[in-house]
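Got some structures for you, see below.
The two complexes that follow have subunit A in common; it is paired with subunit B in the first and with subunit C in the second.
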Partner chain A sequence: MQEPRNYYYLLRLVALAAVAVLLATIIYPLVVLILYSLGMSFNGISISGLAYQQTLTDVKTISSIYNTFYVAGGVSVLAIILGGGLAWMLTRTDLPWKGLIRWLVFLAFIIPSYIMAVSWIELLGRNGYVNRWLYNTWHWLEQPIDIYNLEGIILVMTIHMFPLVFLTLCSALRMNDMSLEKAARLSGAGPLKTMLTVSLPLILPSILSIGLLVFQHTMACFGVAAVIGLPTGNYILTTRIYSALNQLDLPVATASSIVLLLCSGVVFLAYNWSLRKKKYINVSSHSQPPEVHSLGKWRIPVVIIVLATLSVTTVVPLGTIVISSFLKQWGMDLNMASLTLENYRAIFANDGLGLRAIRNSIIFGIAAASVASIIGVIVAWIANRTSVKGRKLMEFTATWPVAVPGTVLAVAAILAWINPPLKLYGTPWILVITYIAACLPFAVRSVSGPLQGIDLSLEHSARIAGASPGRAFWDISLPVITPNIRNGWIMSFLLVLREIPISILLYTTGFETIGVLLFNMRSDTGGLETVSAIAVIVIVITLIGNLLIEKVGKSRME
Partner chain B sequence: MKKNLMVLLMSSLLVLAFALAGCGGQENAEGGDSQPEQAEQGKANLYISGPEPMLLELEKGFEKERGDVVDVLHMGCGPLAQKVHTEAEAGDVAADIIWGAEPSLYIQLQQEGLLEQYTSPEAANLKEECQIGDGYYTVCSSRYGVIAYNQDKVAKQEIPNSWNDLQEGYWKKRLAMADAGQSATALALTAGLTTMNDGKWDYIKGLKANEVMLTQQNNQAVERVATGEVDVAIVPHDGVLRGIKKDKKVGVKSKLAIAWPAEGSISIQRPIAIIADEKRSDANLQTCQQFIDFVISPEAQTIMNKYGFISVRDDVEMPAGVPKDIKSINLDWGKIAADADQIRSNFENIMLAK
Partner chain C sequence: MLQAQLCNISKRFGTVEAVRNVSIDIFPGEILAIVGPSGCGKTTLLQIMAGLEKLDTGSFSVAGRLLSVAETGVFVPPEKRGIAMVFQNYALWPHYDVFGNIAYPLRMKRYSRKEQKKVVGGLLEVVRLQGLESRYPHELSGGEQQRVALARALALNPPLLLLDESLSNLDANLRKEMQEEIKRIQRELDLTIIHVTHDQQEAMCISDRIAIMNQGRLVQVGAAEEVYRFPRTEFAASFIGSSNLIRQPKDNPAEMNLWEMASQRMVAGGPEGAKILAVRSEDIKLNGGTGPVTGQIVGRSYHGSVIDYQLRFKDRVLKVQTTADKRYDPGQEVGFTIERVTSVCAD
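Now for the complex of A and B:
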């Protein structure tokens, strides 16, 4: 039996390569970060918990941890309800205009969170349209609505994150085993009861997996919290971390990050515990295409509600960005005299810096997203398809970067890669490595949940027919999770395109990125019009990229 | 069999990771030896914060006669401090020159032995209040902490002409400033505002009573005024001037304007310094020194003037939009550097109180 043996070697080689990438991008910087937070300076070795003591005895930190959990929990629950509900309606009912709805959600997906926050302030802020309208029309007291609180962060982050949940659950629901739902229906259960008792439990791994990602990502988010929570002194843990970094108190900043990471780890344990010993089989040998429920007379009211919701979450912020990018001044009345191309011209006027930044970001984005996607599939495969000891730990390790702010990732990268012989600092490679680390959690989480829903017996049949485990995975499970891999790829690509702190701290001359451009242009004049113009460019690039991926996917299918 | 192999693989790699981390540490203890590469290239690394077009113009001006001798990395004041400090912690500062932020950062770096003393021949021509730093750093421009306001929303008779005006209930929910915990510039402004009140924190408490809106960066506070979310903000003047200039360029009336407080504007100086490095080549050291000479020369000062920065020289005029007879409040940077933790902590405690 020559062939299977070769296959095993190949498999090991693949696993080895994946582990090597994990080691360089994820494990090594994490180890450096942990050692550093324990007071192991580079001048001498001494272990101390001083930084942790300082962190955990600070009342401000404790209350910020509470705020962090409150926000992350709220966002996860709401994003799952909103994204999941919408996904169910799109895959299981005869809702009209599904194509349009899918497009609107995808557009919401690619709007940068900072812009999202700013356009919500435009709507609900102290000088926002709603408050002005309430005051002028109804003579309500001044500023009846206040967005600057933890609930405001939850609102904006939910709208920012629900598309991710939607995209993941759509593909999960599409591969649900229909025979189970049919059995429920035949036994007399209505569509709603079928959904709650059959469909929903079946996609639980996907829900929890994406919910976990949303939770961790929200915990580590900083931009929205800084725009909406900070104004009224609502600190979350990342605000504290940034504050420590700003005071050049690296030990406390890293210790706080590790605390954040541990909080994240607790949630991860809860996730694994809730899924233990249960089997969630979605795709099995006798799967049938989904049955579509008729909404009957509710069809039109429901679609109106959905479109109204989406116009608030997508159309308004998107409209704000696109229009503002052509305005001479943020918030001007729209007429011919107020339009200009100056914002775009300014981006490309800096000695070719603008074009170079866009080109670099696209190259880094494609490279990081592709590597992360491949490694992500391998990690998810090892975690869900093998019995290797520590496979869950490996999965958690691969997703830790999502749990800390980008600035901390950049600091860890500097500490890890500044000294020979491992000197990558000052070269573009450190950017690529850190981007891969930042992307990996999305790549792993997008496929890990869905993978658990595919019946192992399918792969077993392939094994019996003579295929190796890798081959069985390649031919059976991989095609099923391809849409999820694509989601993860796009999410990663977007992440690199919009990323600021890693870019600012790690870039070198000639390797500027969109993030560097954005940061520098903003600190120059502080104009939101320019920020909008860059956001529009990012959105256009993403739309083109998505179109290309769809084209390639289709031609390969044919 | 396969299972065992994977366990072995994972654990050995982890061991390797630890070993590598240890290696990194040792390298550092020896001081690192990465500098010679840069010396061979003969290019000096500059970490700079400031408006991009201004920095490009300055770089061109400097390299006009010398050729391509510097590599410039642009970043904000926050990232600049974080990057340099992290590099220092790792034992190898890659920068040759740093420029931006406030003197307190430089005082801290000087105390850690990271700055190289250099007194430029041009230094004697600087204004008296700018001759600080003992050559460890050279002040090359100033910004003024002022009150920015939105012209559409603040009537002429209501313009706050004094810092104390902002204490009045009239401005409740109408003012913004950057968080002293998030921005070093805001920390300096806070120090200035408390010093004016004999070191008492009543002024900051008054801002809190008026529900001051905090932002992460100073430019965001300016943004808030421009969008009308607040009516006034305590910010450095230069960003406001550039915002006004940009509006003028596209031909619209700017909503932004500056009120120069009667008590004086808080002077926030921007230093430049050379990072200490024994292994630096002579050619590179010369480039660094020439760069500092250049930055405080009339030529460079005139360029910076266009972008709203206050010159450190008497023979360069005030930027357009800044009153000639401006009263300036100078800060004790040594004290701010020493008390930074306390200032931040006081500020946060006041702002976090419910």
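Now for the complex of A and C:
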């Protein structure tokens, strides 16, 4: 289609702005990281070729690689069993109280993993409620239960990840065409045979791809691994990078980052490949509603087991956090006399660290989410509505960071912005830039799909009615995808609000964020009650944000 | 004076020749239907006229103004053409109400709010949707959406209105009604309309002239009756109505007999030297058990006012249509005669 000339100037300007942002936030830091790790001198710093040898023969690093796979594998398997089993029960059986169960899973879904870890420490830590109760009541040995190990990380990450598996498999199970199962039954297969030969193979690709996603997410987790693993020296790659940086050992930190980036990248590519593979067997839209198996006399026992499990995984940790946030001093016995609002008052006290951190996080969040959303719309528009060369590559680049763990993004940012003339390290700008990189995939993805879904005839009819291409996009497509842009913005904002590794590695005094506060206070003595109070605030904001995320149905488009 | 002119237009997508050397003259105040099976290039032709696709060769002009010329690179973008179009899915904007949708072209031309109200009011009267200004598209029925799309297209008094399969999403009764509506509005406003459809019935009843397309080529243009009575090619004969095609026989006895029977009844007006004869199914008459030539009824389908029979004659099965009062049973031997035959070209 022909475009008028002034449209080209506008297009070029907007495209250049988007390219500049992608260059600064994503391409430049990652390229520096790779060049640097290859032994090239850049920006005044360099790394010898020995770094890899050094890193890969270091016992601590080797064990951290092994631990990473152990934890990620364990979490994937457990989350699939827990999330998948629950999804099957909710879509295919007559389990009662499905609404309540869904709500509990949603609750588990929105609690930040780091906060989940803190609450489990409050429960199972050395001085945790459970251990104290076991000791005081039953006179068990001190600390009969120890959470400070790899299995502790697996426990918390599984609870954090299973809702994702649940949600994905629920929709996959609902999508499965029942007529296929009925056809199997009519062909002479019993219920079990049908499940093994038809239902399971149909849903297997979904299980595989969600498993890969969980694997990749777990590899990238930092907060949980740090708070549970670091005190006893149980490293995974992300925490190994963190401790190397703390010892100012840049070569090991860089080489480990590259190892983590490679592992994460490979898993992520496999995930994308599995998604594409899945499309192939996608079932028709004329599917019938799923057949529901009756649990019979097992209905009540099963629902009790399910609710008990969800209570232990979600309600108890949440309650612990909330109660702790009102305690005068962590470790006190629970009674009215030990409750107080002092923790909240202290956070919101003037010129206190708490208020400053919350304010900083909100400002950074708004800035990063807004920039990412605008660039996201531009990138999605260029990729889907213009004929610019390299438009698909541009969109692809903007979604890279989703495969890059936050720890690696932070290391890349340090290397890229540490020395003049591009010295941003030590300023809040490095935080904002890296947050933008982390947000961009969400911003682009939340817009790109819906934009593709808008029939081109809507814009064509605006053109025919007299609108220029830019005007047609502005008047027609933009308003239609506004809810999606808003959802992307909220997701980005929440990401920044809850983010730990980037904040920890890149903040400077005076520009602490909520993540920094949560992370550092934990190690201060007696900080748990304040951490809990902040955690409650974060959970409340997250809850509000998630309730604001609108389910953008297709109904408006039809 | 021509209202619009398509001149030697070709368009290729990769290796696919979507439109091949099509020329059509469009006269003021006529409805021209472009018909053809899906993939025949009719929609591409429409997109070229609207300015949504460029052309590879040829030119397109409206009211003497050249809008696309391949040779000189002249190309007027769609928003500057002034041509209106109603899309197959209506392409109503979901976030604008009826008023917002219809007034959009006026806004683009910077009409004042007062003028917009006046024009939209008049248009709503024309399409008979008064009082629905503040409804949103999803609150309208299919027929109402269609009318809104039509009103929007008419907002700026277009010199040419393009309809892209605009009626095919409606159910049968509503489609009939909208065909009448479009004809009424066309007469009231003296519009020139190009209507693209795959439905030959619709093309015949709505249009003044029909252009038949197949595989990117223009097969025949003419008034509905002319196209029906004198199809130019094999394709035209079988796409419009239903025809029995009889090829010049080689050694096939059935063809031999049919060819002899048919060529006696050939009417003038077909192309010269054609090697294929076309017999409309209603031009074969059945007459009980008598007659010099007989065939066997092998299939029957009842359509209310008419009945379609399949008649086996030697190894050929002929399509025959009779009025509903002539009833024969499958298996019955009946005599038949051929009444009217035209000659057509091979594709």
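Methods note: the second predicted complex is superposed on the first by the 297 of 558 C-alpha atoms of A that agree within 3 Å, B and C clash if a C-alpha of one lies under 4 Å from a C-alpha of the other, contacts with A are read in each partner's own complex, and residues count from 1 in each chain.
Just so it is clear, contacts are C-beta pairs under 8 Å (C-beta built on N, C-alpha and C of every residue); 3 or more make two chains touch, one makes a residue touch a chain.
Keep in mind that this is a model prediction, so the values were computed, not measured.
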Dominant toucher of subunit A (residue count), subunit B or subunit C: B
First, second, both or neither for A:Ala443, with subunit B first and subunit C second: neither
Partner chain(s) touched by A:Asp455 [first = subunit B, second = subunit C, both, neither]: second
Which of subunit B and subunit C A:Met175 touches, first, second, both or neither: neither
Which of subunit B and subunit C A:Arg463 touches, first, second, both or neither: second
Touching partner for A:Ile476 - first (subunit B), second (subunit C), both, neither: second
Contact set on subunit A toward subunit B in their complex: 8, 12, 15-16, 19-20, 23, 27-28, 31-32, 35-36, 40-45, 60, 63, 121-122, 125-127, 143, 148, 226-227, 230-233, 235, 239, 242-243, 245-248, 250, 328-332, 338, 340, 342, 350-351, 353, 382, 386-390, 394, 407, 411, 414-416, 418-423, 425-426, 501, 504-505, 507-509, 516, 519-528
Touching residues on subunit A, where the partner in the complex is subunit C: 1-4, 455, 457-458, 460-468, 471, 475-476, 479-480, 555-558
Complex contacts: residues of subunit B adjacent to subunit A: 2-3, 5-7, 9-10, 13-14, 16-18, 20-21, 23-25, 27-29, 32-34, 49, 51-53, 56, 71-76, 78-79, 81-83, 85-87, 89-92, 94, 105, 108, 173, 176, 179, 181-184, 211, 213-217, 219-220, 222-223, 226-230, 239, 242-243, 245-247, 249-252, 254-255, 340-341, 344, 348-349, 351-352
Partner subunit A, residues of subunit C touching it in the complex: 50-54, 75, 77-81, 83-85, 87-89, 91, 93-95, 104-105, 108-109, 138, 152, 155-156
